[in-house]
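The two complexes that follow have subunit A in common; it is paired with subunit B in the first and with subunit C in the second.
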Partner chain A sequence: MKKLLGIFLFLAILYGLLLFADPGARSVQNHLNLGQRIGLYGILSLAVGMLIITGGIDLSMGSVVALTSTVFAMLVRDHGWSPIAAMPVVLAMGVVIGLVHGLLVTQVRVQAFIVTLCGLFVYRGIARWIANDAVKGLGSMGENWKDVLNTDLGSVLERWTGWDLPIPKVIHMHLVLFLIILALATVFLHFTRHGRYFFALGSNERAAKYSGISVNTYRIMAYVLCSTLTALFAIPYLLYNNSATPSSTGNFFELYAIAGAVLGGCSLRGGEGTSVGILIGTAIIWLLPNLTNMWGIPSSLEYTVIGVALLLGATLDEVLRRWGRVSKA
Partner chain B sequence: MALIRFPLAEREGHVEEGSKNSSMPPLLEARGISKSFPGVRALQNVSMHVEAAETLAVCGENGAGKSTLMKILGGVQTPDAGEIHLQGRPIALNTVKDAERAGIVLIHQELNLADDLDVASNIFLGREPTWGGPLGFLSSRIYDDAAALMQRLGLDCSPRARVRDLPVGQQQLVEIARSLSLQSRILILDEPTSSLTDRETERLFRVLRELKRDGLALIYISHRLREIEEIADRVTVLRDGQNAGELFRGGQSSAFDAVSAKPLAGDHGNDIVHENIVRLMVGRELKQFFQRSRHVPEGLPVLSVRDVRWSAKQKAGISFDLRGGEIVGMSGLMGAGRTELADTIFGARPRITGSLILDGLPVNIRTPRHAIDRGIFLAPEDRRTEGLILADSVQQNISLPTLAKISHGGLLSFREESALAKRMIEMMRVRTPSPDQAVGLLSGGNQQKVVLAKWLQMRPRVLILDEPTRGIDVGAKSEIYALMDQLAGEGVAVLMISSDLEEILGMSDRVLVMHEGALAGELARDQLSEEAIMRLATGGDRR
Partner chain C sequence: MIPGARCARLWAWNASLLALPCESIILYRTTPLSNTRNPADFEPTMKHRLTSPLLALAALSLLLAGCPAKGGGQTKLAFITNNANEFWTLAQRGSEAAAKKENVALEFKMPSPGTSEEQQRIIQDLLSKGIQGIAISANDAENIAGFLKRDVASKVPLITQDNDVPDASARRCYLGTHNYRAGRAAGELVLKHAPDGGKLAIFVGQMDAQNAVERRQGVIDVLLGIDQKDMKDRTPLTANQKVGKYMLVDTFTDEAKEDKCQQRAQDALTKHPDMACMVGLWAYNPPAMLRAVKQSKLDKAPIIVGFDEDYQTLDAIQKGEIVGTIVQNPYEFGYQSIRILKAFVEGNNDFLKKEYPSIDAQNRIYIDHRVIVKNNVDEFYTKLKELRGK
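Moving on to the complex of A and B:
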């Protein structure tokens, strides 16, 4: 709780700085854009965050995005599938990839870092190979989906009800999608025994095993959840950008995702983290580029700002932890 | 600059002078030391002293406060209250460096050596002789200096040998060589023999006697009372974080228990003999301590273990029966395979041959879940890494094995979870400020009660306890013994694995002894003796 409060304050300060910066920063359009990014990339942070809670890690997420979005685009555009038929195929790919990661980690006992680092290379290679390294666009396919996903909640409700609603058009549908997934993840992580086992596994795998928990099953489940959510992310991402570039789509995404989860209170040692924290962490990560932009800091410094913020967060966390220990003793 | 001087040799004259003059203050004295940790008062007003050229043994059960006291003397921890005097002058030992400067070196039970470096580098780690000023090129003089020290200790390996390749006994001597190179006057050895062979122990004792003759003060901590009888000049016993009494070599006057202020009974006065030490450590007669009502186990075995093996190296499988209502002790040396056997029965370790029969029917147990569902529970050897999730609350630890039962429609019922935790905390008399307290902050005894609470909320048929009282205080110990007795009375089959022979003798209806992965024999109640168990445990014949 204390930790959540800390990062929430950090977010509030950043947000205050943003509002202070420029009238443009206060606009509805800017908030809509922010919500879009936080919502969309929040899915990835949540995916890897749940895995990090079990003590795992996934470095292959960006490549999984490249592969699944390429396959989705090819199925829909080149093979004329309807998006509703392509979706389960892409999700199944996520399940299989997660299963492979999970089995390699639990059965062959290869380190997760290595397994998913190899995945990072392999999936991107496959994506480039099947697409002949060409950009795969959606063209005008999937218009119905785009109408729903690439807009804001107010507009969608207006279209469905046919009324003229007096609500500001500021909540992007990506944020809505994320909040639904976040709600489900919150129930799973914090209100079911399965979620409790995730934490137990991350805190002390041996104790979990001796308490009768099937640790391998839950470990595999965490990898499958992560890769499947990554594949799910690829669909709105593709519909938003309308094309996938196998060689560059999804580059660095795993790092943004891990940064969001860690900033949001997930410990890489496992056993720690909250769904709400992941939301806040993601918000901070995506507020920062906006902030640098609005304050007129050259965008070439964007990565540096994110890196410094992450380091500050981690340092502060460690200092507070030590301070807390001393004041308790 | 000569890197090593032998301070002891130089000081030898002074030592003799000092020991003749009885009004001289002791070399090292601790007065009124107190230290608390969250939830535990580790030391209360403890005093002790040690003279030059003296071997002082500090005894006490696990949790009595020995280690804490030694860590305070070694500068690892600072006391909450009390003073430490070196030759009559108060000193502050806030860091290990402070202690080393005062000539006090603590050698931990787990050796602190850089395994991949050679012997000489370990001896002088952090103080390597160098040349070239700030460039710090290593000087080869290190090997000559090391060889001189090693010779003194009779450590006959090469100073260039990698520490990892040495037997444990020699590694121990490397640590001692290191402490001598620090010009120490007071050497604290915490359980130095716990992983040594008999021959290595003998050799260590020879070295220690030599060092004592040179004027070093030795503080020796061990659970092996026979070793203490052999080597100690004086014994200070701690119990529950307080001074329990003192024994002297050849002491004949009647000894007093410092806590109860009652004289110790017995013919040995306050001499350093086994029974005096035990009486001071336990604080009561052993018979009162182990409460055991006799049960006559009847009927068919609850659990039959048949020809079970977990390793291809085992020549024969292990077979035995457990009947309801009996407490079966399991004894053996470290590494005899007792914990592996327990893990295998519980399904935490794959069984390569053999079968398990529960209530006359074969059961296939492949995971702990299978065992738990059939009422076979294990309180594992290491409660901190296997029994509990230390960072989690008492409540979360208790409910972990039964979360499925307090879930409805997939959702956890926090109300039921908290009711369950409250009920078990009360039943097991777990002393915790609240169910939300992190279990790692409780004392060892209360942690063990939480481990048992995890299982006793269900109905056990077979309860396997691996080292159930290791590292817990006397009060919690007797509560756990009483609980075991009660469970046996209710018809549970209890298998108690223990390295504590007194506990085995005090609690068991019969004893199984393991040796090198095999069952070496079984002793009935009337055949039980420390000697009989040790003979089987060390591979000797049954007589």
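Moving on to the complex of A and C:
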């Protein structure tokens, strides 16, 4: 996979720098933390990545996270629902939101940028309104779920089997969850007819249409997938952070998600991208802040370092690709 | 390892990278290579034009990073703010002064997105790095408390400053402003400068922050004539409610965005040209409100009462455009936090009782607020400039 060589090299360099930064950076705990961040936010990058492959975009993800996590917290804490009952409701909200986006884009032909930008305002507003601008927390609700999701794979297996397993406690359950979703997405995107249609739609919509693909159906499907995965993200997110602040939860999540996907090789013009690339892109996005913390870079300079590093990574990727094309010719 | 040895090695590595032949980098640095590995060990195998971006990246990150925090023998303590506001510059000066005096290696962290998740990530990273004590201004206090208690306080001494957590057992002590009393002080200024009542508007970033709730309630309780030292009931956020002689038009929130505060203030003044007073609860609110008042060109401008020490607020107090501001003492937040943490790390558990006799049952230490008005603004301003300019 020559396409991924550039960003993979970049990730390897960052990881090397991280290991070099501080003894603490090499610890099991730090790797557990990193896995948690990459796993959790990887879900969002994957969600928007699949949409970007079809040539779409979703700017409302952060607000969808705010709305769905607020609703989840309110159902469980204020209305006494069990988490297992609240989960389908939250996922259904994701489906409905995606459906609305998809229908507006395909039937009314409003630009996706506008539709989802309006979504960004609307869902944030609804979240603040239903919560009356108060923080909605889970308190000590859903402990069973937290016990499973907010820990590492080794501990969960030990608890289930009752054995003392010799597994290093380094793989966070969020990473496990993400890898399962990633595996499913990989099969869907790269090994099924539907996945190929996603790429066809993204690279040339008209050609796709003339070859008999129901482009509107696949476009809507991409929006529904994106919003549903975003709603799914809200569940482990809330169980981990234990609270949703309607006015700020999820702010800029869409940007990080899009950045991870694009860095991972999804072209904003559509038709390009891989699931593994999205994983690498997300890993880079979340390795950088950890790296700046481990190096002890002053907070005020942190964003500059992250920005410059990302730019260098993207440049490296582009240069390597061009080199790949030239050497092939 | 001797302190600084690792640092020297880093620089040498850095130098070896820069010294490699590559077209795009002309810089050439010579550093004594004693106590280092052979530079050839680091020579990349892929000798090609393309190595230059790689090297540039590696070199840049090293250059920017400099040396990791020096730590040999020093106590490693962290001070974490709740956002990157200028307010915290003074806390930084205070904690740096204490760190110097107490031989502490200080990590001063100002998370730009002021969220509890970002704080949680920073704390996780600091713990991985072997931090020995943490002072934090908790964002979203109610819900980060669980994490602080379970994953932080069980490992290292943890204190809260500025913003407390509701669960007092999650931290060793709290130090900060008594926000309800500070809010009452702002209410007194309103009573003094707009004694006839009238329309009142309150501006703040978010109403889900505890200090916003307490300050707002302090203002309202004074106007209602309620005399008490601590906050009891919470007045709902509804618009157009009667508060004593005053009509509280609304509590306007702006997600901590200054430009949005200004727009909301402009709109409020357009709708209520007879506004009598405006109170801004967060540092950036008063300057934004003042700009809105100036633009609205009303015959009778409303009085403005603010919080904190934005220089525009102080300038305006000198000119008489803002009647007064309630300031906290962030320098002391920083200074005292580091002193207390250092004592805890050394196992000096009686420190609080000995040094702060007025500490309450929940281990809260209050650092007094001050009311800055026209006749004491000059003296305060001069001192502030000294501290900030350092």
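By our rule, the second predicted complex is superposed on the first by the 307 of 329 C-alpha atoms of A that agree within 3 Å, B and C clash if a C-alpha of one lies under 4 Å from a C-alpha of the other, contacts with A are read in each partner's own complex, and residues count from 1 in each chain.
We adopt the following convention: a residue touches a chain if its C-beta (ideal position, glycine included) is under 8 Å from a C-beta of that chain, and two chains touch if they have at least 3 such contacts.
From a predicted model like this one, the values you see are computed outputs, not experimental measurements.
J.: Does the subunit A-based superposition show subunit B and subunit C clashing or fitting?
T.: fit
J.: Is A:N30 touching anything from subunit B or subunit C once the two structures are fitted on A? First, second, both or neither.
T.: The second partner, subunit C, only.
J.: With both complexes superposed on chain A, which partner does A:T245 reach: first (subunit B), second (subunit C), both or neither?
T.: The answer is second: A:T245 touches subunit C but not subunit B.
J.: See if subunit A has more residues touched by subunit B or by subunit C, and give me that chain.
T.: Tallying touched residues of subunit A, the top partner is C.
J.: Put simply, what angle do subunit B and subunit C open at subunit A, by C-alpha centres, to the nearest 10°?
T.: Between subunit B and subunit C, as viewed from subunit A: 120 degrees.
J.: Just to be sure I read the superposition right, which of the two partners does A:A183 touch: subunit B = first, subunit C = second, or both, or neither?
T.: Neither partner.
J.: Is A:N290 contacted by the first partner subunit B, the second partner subunit C, both or neither?
T.: Once the two structures are laid over each other on A, A:N290 reaches subunit C alone.
J.: Given the touch rule stated above, what does A:L165 touch, subunit B (first), subunit C (second), both, or neither?
T.: Once the two structures are laid over each other on A, A:L165 reaches no partner at all.
J.: Just checking: does A:S300 make contact with subunit B only, subunit C only, both, or neither of them? Give me first, second, both or neither.
T.: A:S300: touches subunit C, not subunit B.
J.: Answer with first, second, both or neither: which of subunit B and subunit C does A:S211 touch in the superposed model?
T.: So A:S211 only meets subunit B here.
J.: Once superposed, minimum distance in angstrom between C-alpha atoms of subunit B and those of subunit C?
T.: The answer for the closest subunit B-subunit C C-alpha pair is 26 Å.
J.: Quick check on the complex: what are the subunit A residues that touch subunit B?
T.: 187, 191-193, 196-197, 199-200, 203-204, 206-214, 271, 328-329
J.: Provide the residue numbers of subunit C that touch subunit A in the complex, in ascending order.
T.: 10, 50, 53-54, 56-58, 60-62, 64-65, 68-69, 84, 107-117, 120-122, 124-130, 140, 142-144, 146-147, 206-208, 237, 253, 255
J.: Okay, in this complex, where on subunit A does subunit C touch?
T.: Answer in residue numbers: 9-10, 13, 17, 20-25, 27, 29-30, 33, 37, 132-135, 137-138, 241-243, 245-249, 251-252, 289-291, 293-305, 308-309, 312-313, 315-316, 319-320, 323.
J.: Under the stated contact criterion, what part of subunit B meets subunit A in this complex?
T.: Where subunit B meets subunit A, its residues are 38, 346, 348, 367-369, 371-373, 378, 380, 385-392, 396, 400-401, 403-404, 407, 410-412, 454.
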